[in-house]
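Each in C-alpha cells, the structures are laid out below.
Look at the two complexes coming up: chain A is in both, with chain B in one and chain C in the other.
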Partner chain A sequence: MSAGNEYAVELKGVSFKRGDRAIFNDIDIRLPRGKVTGIMGPSGCGKTTLLRLIGAELKPSQGEVWVNGQNLPQLSRSELFDMRKQMGVLFQSGALFTDLDVFENVAFPLRVHTKLPEEMIRDIVLMKLQAVGLRGAVDLMPDELSGGMKRRVALARAIALDPQILIYDEPFVGQDPIAMGVLVRLIRLLTDALGITSIVVSHDLAETASIADYLYVVGDTQVLGQGTPEELMNSDNPRIRQFMKGTPDGPVPFHFPAANYREDLLGGR
Partner chain B sequence: MRKQSPLERLRLFGRAGIDVLATLGRSCIFLVRALFGRGTSGNALQLLVKQLYSIGVMSLAIIVVSGVFIGMVLSLQGFSILAKYGSEQAVGQMVALTLLRELGPVVTALLFAGRAGSALTAEIGNMKSTEQLSSLAMIGVDPLKYIVAPRLWAGFISMPLLAMIFSVVGIWGGAMVAVEWLGVYEGSFWANMQSSVSFREDVLNGLIKSLVFAFVVTWIAVFQGYDCEPTSEGISRATTRTVVYASLAVLGLDFILTALMFGDF
Partner chain C sequence: MSRASIVEQAPGLLLLSGELDYRSGPQVREDGRRLLQASAAATCVIDCAGVLRASSVGLSLLLAFMRDAQALGKTLEVRALPEDMRQIAGVSGLLEILPLQA
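For the complex of A and B:
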C-alpha cells in the first residue's frame, strides 16, 4: 500500500499519451486527504485527462495512480467499479441521465448501491437538492434546466452517497454570481464538515484559489508549480506568475503552435 | 493527391486489416463482458422490461404493417404464376413456406436493424457523447451491465417474436387477397398449407434463423453505439454502419443458414 493516510490520491511518475502526443510526462502529484486541492492550468493542458486518470477512466501509459491505497491500473474491472463507489465526480457537462427527472437522477446512486427505504431516499435527495438550491426543481427533466443548474443537480448526485473523494471538473463554469458563491462555500463546507477530499479542476483562478488549501498548476506535460495559493501568487517562476496574473505575454504561449502568421496569411493553402 | 508507392499501399492495407481485427476483438470482449460479466446493480428485470417495450413493442407497428403487405403481394404474385399451371390452390402453401422459411426472419431482421438497431446505436452513442456512460461508470455502475446487457437481451428476445408475428400477419394478408379477392377456395388454401408446412423443418428453422439474426443485429447495433466517436458526426456514421453491417450480415447469414437447413448436401 503506497498512499498512507495523509494522501487520498497519489500519481507517481505518470505519463499519458494520446496517439503520439504526450499529455503528461512523468508527473508526480499528491492530493492530501480532507483538503481542497485545486488543479489549474491553461485550456487544453490535460486537466480533465488528469481527472480521468484519477477516476481510472483512462490508463496511464506509464506510472502508478494510487487512490485510497489502491493502485488503479492494477485493479480488475469489478474492483474498479467497487472502488468508484468511494468517489463522486462532477462532470463538466453535468452528464445527467436524460431519461430521468432531477429527483431520479439524484436518487440513482442511492437506488443502485443501497437498499434504503423509499422515504429515506426521498429525504436524502431533497436534502442534497436543498444544498445546491434546486429542491424546487425536483420534478423537472434535465432538458428543462440551464447548463449551470444541470451542474448543480449533478453535484447533488455526486454527493448523494457521501463519497470520500469528490472530483469537480470546472464546477464554476456557467454559474451566476449567487450560485457561484454558494458553490464555493458548499465545496469548502463539504470538505470541512465531512472530511471529504476535494479535487477541483478549474481555470477560474479567483474562485479556486479562494477555497483551495493547495494548488497544482499543470501545463506543457509537466507540473509547472505547486503550493498554497499564497505561495503560488508570490512565485518567482515566470510561468506560474503569468498564469496566476493572467497576462498574455510570457513563457506560456496563448497561441496553439502554428506556422508564421504572416506567411500563413500571404502564402495561401 | 499524392501518389502512393506500392509499399505505402501495402502498409495501409495491412493497417486496415489490423484495425478490422482489433474492432472484432473489441466487439467480442464487449459482448462477453456485457452478457457474462459480474451482476449489475439495480433491478435487471425492470431494465429488461423497459427495453423490451422500447425495442420490441415499439417495433410492432412497422412489423405488422410490412407483414400484411408482403403477405398480400406474395399472394398476388404467387396466384398469377401458379394460375398459369392451374395450381392456384397451392398459393396458401407458397405464401406460408416463403414467409416462415425466408421472408419472416429476413425482412423482420432488416426492418429491426433499420428501426430498433439504428435507434440503439444513436441512443448509446448519444449517452457516450454526453458523458452519461462515463458518469455511470464513475458512480460505480458498469455501463455494459446497466445499459448494454438489457438492450442485448431485449433484442434477442423480441426479434424472434416479431418474426413470428410478421409471418402470422403475412399469412393472414395472403389469405385475405387469395380467398377474398382472387377467389381461391378457402378450404384448399388452408388445407394445402397445413399439409405442406412442417413444424420442425419450416417453423423451427425459421425461428432458429431469427434467433441468429437477433443476436447479430443487436450485437452490431449496441457495439457500434458504444464504440462510436462521441461526436455528432461519429454517431451519424455509427448509425449508418449499424444499418449497413447488420443488413449485409443478415443476408449473408441467411444464405449460409438456408444452405445448412434446406440444402441437400
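For the complex of A and C:
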C-alpha cells in the first residue's frame, strides 16, 4: 500500500482484547481517502478503542493497522511521532486548556511541533479561527465560550497542523441543534475543500448519516454492517435495522446480561 | 536540505517553489524578507508556479511578504496560486485579502 492508495486507513484482520474479553475479533475496516466515514455502534461497542488503534495509542493483539501506507505496529517511536502529526483529533470533551485563551489553545500544537516565527503562528491561528467562524473570540478564555464554541475552537486546534486525517470522537454529544448543524457543515467543508480524510465516531445516527459518505456499524466484536447511509437504512440485517431505526430491543438486547430478577429481589442468596 | 526556496529570477519577480510546510517555512520566510528588502523594484510579483505542495504555511508566507512589502512601501502581487493553496485560502477567507493577479 502506498500513500497514493485510495484508502487512508486500513485495518486488516485486527483483534483486540482487554484481559480475556475480546473487544474486536478479526475485523476489516477501510477508510477512503478524502471522504467522511462514520463509525457507528451502540455505546460500549469499542468505537473509542478503534480510534486509539488508528492513533497507535493501542496495539492490536493481532492484525495490521495501516495509516497512509505505514503499518503502525511496526513503526519506531519517532516514526509514530511523525505519523501523529498527520492526524488531528477532535476529542469528545473538546479538551481545551482552561488556563490558556483561545489564541494560545490553537497555537499550542504549532508551538510544540514547529519552529515557525511568532508572526506566522499568529497568521495560522487566525486562519484556523476564521475557518470555524470564531476569529472574534481569539482573546476569550474557554470558560467564556458556549459548548458549541468550545468544540469549534477545539476543531481549529485539531486542524492547526493541516492534518491529512481528522478524527472526530463523538463530535455531536451535548450540542444544541444549531451547534450540531454548524459542526456538520464544518466537517463537510474541511473534508471537501482540503481533501482531509474524516473519521466520525458517533452514536448520533441522524447527524452522522447526514454527512458520512460511508458508514460502518460495529458491535459485538464485529463489523455488523457497512455501506452508504442509504444502504444501511434499507438493510435486511436485523442488528443493523435495530441500530438504524433506534428500537430498544432486538438482536441487541435492552438488558445487559443479569441474574434472574426475581431471585435477585426475593432471595436465593 | 532545501525542500523549498524563494529566488529573484528577474528584478521584482520572486519565484516561490518546493514544498511549503512547517519545516521549510522559517527559512523561506527569512529569504523572502531579505529579497524584498534588497529588490530595487517598486512592484514585486511572487510567482507560485513552482510550488509542489503547500500547507497553511504557504499562505502565511504570502501574508508575511505582504506585510514586508507594505512596510517597504512596495506593491506586491501574487501569481499562479496553486489549487491546494487556493483551497486553504478559500476555507480561511483569504481569497479577498491576497493580491492575486487575474
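Convention: the second predicted complex is superposed on the first by the 247 of 269 C-alpha atoms of A that agree within 3 Å, B and C clash if a C-alpha of one lies under 4 Å from a C-alpha of the other, contacts with A are read in each partner's own complex, and residues count from 1 in each chain.
Everything that follows uses one rule, which is that a residue touches a chain if its C-beta (ideal position, glycine included) is under 8 Å from a C-beta of that chain, and two chains touch if they have at least 3 such contacts.
Predicted model, so just to flag it, every value in this text is computed and none were measured.
Once both complexes are superposed on chain A, the partners chain B and chain C fit side by side without clashing. Contact with chain C, but none with chain B, is seen for A:162 once the two complexes are overlaid on the shared chain.
Contacts of A:89 after superposition on the shared chain: chain B is touched, whereas chain C is not.
Between the C-alpha centres of chain B and chain C, as viewed from that of chain A after superposition on chain A, lies an angle of 90 degrees, to the nearest 10. With both complexes placed on chain A, chain A has more residues touched by B than by the other of chain B and chain C.
Of the two partner chains, chain B and chain C are each touched by A:113. When the two complexes are overlaid on their common chain A, residue A:193 makes contact with chain C while staying clear of chain B. Legend: residue contacts after superposition of the two complexes on their common chain; A:78 is shown touching chain B, with no touch to chain C. Of the two partner chains placed by superposition, only chain C is touched by A:130; chain B is not. Once both structures are fitted on chain A, no C-alpha atom of chain B lies closer than 12 Å to one of chain C.
On chain A, the patch touched by chain B and the patch touched by chain C overlap at residues 113.
Across the complex, chain A meets chain B through its residues 52, 55, 57, 77-78, 81-85, 87-89, 91-93, 95-98, 108-109, 111-113, 154, 157. Chain A meets chain C in the complex at residues 110, 113-117, 119-120, 123-124, 127-128, 130-131, 161-162, 189-190, 193-195. Chain C contributes residues 22, 25-26, 29, 55-57, 59-61, 63-64, 67, 84, 87-88, 90-94 to its touches with chain A in the complex. On the side of chain B, the complex with chain A involves touching residues 33, 37-38, 41-42, 130-132, 134-142, 146.
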